[in-house]
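Multiple structures follow.
In what follows, chain A forms one complex with chain B and a second complex with chain C.
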Partner chain A sequence: MDNLVIEGTKQTPHIDFNASTGVLSISGRSIPENTFEFFNPVLQWLDEYAGIAGDETVINVSLEYFNTSSSKYILEIFKRLKGVLNDGKDVLVKWYYEEDDEEMMETGEDYEDVSGLPFEIIAIEE
Partner chain B sequence: MAKQNIYQQELENLEQAKNFLKRSEYSKMDIQLEFKKLVENYEELIDQVKIITKISDRLQKKLNRTNDKLELTNQQLNDTNIKLNETIDALAEAKIGRKAATIVLFVAILLFIISEAWIEPMIEKAFPNFWVGLGLKLIVAILIKPGEDFTNKYMLKKARKKQLEEAEKELQDKTNKI
Partner chain C sequence: MDIYTKFRSMMDSHIILSFKGEITSDIISMVLQIMESKLDAVQERGAVKKKIFNILVECMQNLYHHAETETVDESNKRSAMLELYFDDDYYYITTGNFIKNEDVPRLRDRIERVNSLNRDELRKYYREILDNNRISNKGGADLGMIDMAKKSGQKLDYEFTDVNEWVSFFGLKVKIAKK
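Take a look at the complex of A and B:
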């Protein structure tokens, strides 16, 4: 299975999903003009990945800001990873936020509550 | 398989429920199963709406705070810019003032030499009076200060016109780029 790499822009996040290592990273800002167009390949990749996932999957999320529709897609990403977890594999979400960004920290906590995935919420020193 | 749009799953669930209602016969078990499915989907939908609304409001707050910071920074930048422009203007005026003084001094020296070398001998020939030559020198000396002021004003006007033209050109360039 191919890895998924999408370079980040001012409006879209950087995506680096590695199927062989099981390390998935999403970082930057997510305010795409067409959220479906941006996230559809990501979800498709995850659907395929769910079938071949190794014993351990780690997703690093380091987002500065995202819009409402992106928040729904992030939830969709976590739902797919919950599927991987339900298949008996280890999944860990590492949620990074800048230390003075209280909103992003609380957002991580909300996702933790609703997704049912194990989270590590990590402050990044500026 | 990824869905065609973000709410596709929810729309499919709704369609299934609608199709169930269209059926002519239902068993009690069918109704129970369908209702259970509907409740589960509804519950999930509420959970999603709750979390998305909460996150959206929170990020809006973050955006507002960032906008406030940006506005403040912009204001500070404008204030600094005004002070900078005032300093630049003062410096330019001082520079022009010095230049005007130099020009006027040079002209005065030139007039003095001309007066000593050519005009005074001619006046002495025409009017053999000491006071006429002295009066001429006095007139030249008196004219130095107003001459300096005039030159200063003229040069400042010219410099401001040039500045204005440059600013208009810059604005035009920016407008063209947009």
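Take a look at the complex of A and C:
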């Protein structure tokens, strides 16, 4: 299947999902008014990926800001990957936050709790 | 005209930005850009800047999605207000918009619930809503108020004012400590 690459903008994150390596990255900001429009193709890609995923999937999440309407879709991404985990494959979420951003660290913990995926929560020094 | 008096009063209350009109996608981008450059200019701390930015996004997107027209006449603009100012201890974000009378009780309950919770309880509530609520077509799924209270670390100040048989006016003030 094709990889999914979407260039980041001031409102939407950079997406780089590689189906063959199983390394998925989402970074930047996610504050669009219309979150469905942005995330729907991302979720569709993941639905397809879930069927062909290799033994290991790593998703790197390093978001500077996201709005609450994006937060639901981020959970949807994790739910798709939970499906992959349930198929007996390895999935790891690497959740990056800037070291002074305690809020983003806690949000990572919240997602770890809600998604049921293994997380590594990693501080980035500024 | 007395523009000077008006200017003086804006100066004295440290108004960063004051807007009345329809909140469009372009306006949101512009306001964020203005706010970022202002906060950079005063070298505000990264953590405070992020909080302000986050809360401002939520506030404006609430106005974008939920502001109503003052009358049933749909040709009217969905006018809203937004004002940003500061004092020695806090930054303030205030918003105002019309809301359908029938939607008032639900919003009031939501805010009162949020205001009754301490930090840990808010976090628990956030997880609960994140996990259980379906995504509404407007996206927010009620996380907005919880998120603003959580990020600001302060109670949400609000008021509802009767306007007509169709709408009320909803005023919201969120403050963010400079620390």
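A few notes on this one:
Keep this in mind: the second predicted complex is superposed on the first by the 126 of 126 C-alpha atoms of A that agree within 3 Å, B and C clash if a C-alpha of one lies under 4 Å from a C-alpha of the other, contacts with A are read in each partner's own complex, and residues count from 1 in each chain.
Operating definition for what follows: contacts are C-beta pairs under 8 Å (C-beta built on N, C-alpha and C of every residue); 3 or more make two chains touch, one makes a residue touch a chain.
As the structure is a computational prediction, the values presented were derived from the model and not from experiment.
Superposition of the two complexes onto chain A shows a clash between chain B and chain C.
Shared-chain residue A:71: touches chain B and chain C both. Contacts of A:47 after superposition: chain B is touched, whereas chain C is not reached.
In the superposition on chain A, A:36 makes contact with both chain B and chain C.
Shared-chain residue A:16: touches no atom of chain B or chain C. Using the contact criterion defined above for the overlaid structures, shared-chain residue A:112 touches neither chain B nor chain C, since it reaches no partner. When both complexes are overlaid on chain A, the residue A:90 reaches neither chain B nor chain C. Comparing 58-66, 94-102 or 130-138 from chain C against chain B in the aligned model shows that the clashing stretch is 130-138.
Under the contact criterion defined above, the residues of chain A that touch both chain B in one complex and chain C in the other are 35-36, 65, 67-69, 71-73, 75-76, 101, 103, 106, 110, 113-114. By the touch criterion stated above, chain C contacts chain A in their complex at residues 25, 28-29, 32, 45-47, 50-51, 53-54, 57-58, 61, 64-65, 123, 126-127, 130-131, 133, 135, 137-141, 143-144, 147, 150-151. Considering their complex, residues 1-3, 5-6, 47-48, 51-52, 54-56, 58-59, 61-63 of chain B touch chain A. In the complex of the two chains, the chain A residues touching chain C come out as 10-11, 31, 33-36, 64-65, 67-69, 71-73, 75-76, 98, 100-103, 106, 110, 113-114, 126. The residues of chain A lying in touch with chain B in their complex are 35-36, 40-41, 43-44, 47, 65-69, 71-73, 75-76, 101, 103-104, 106-107, 110-111, 113-114.
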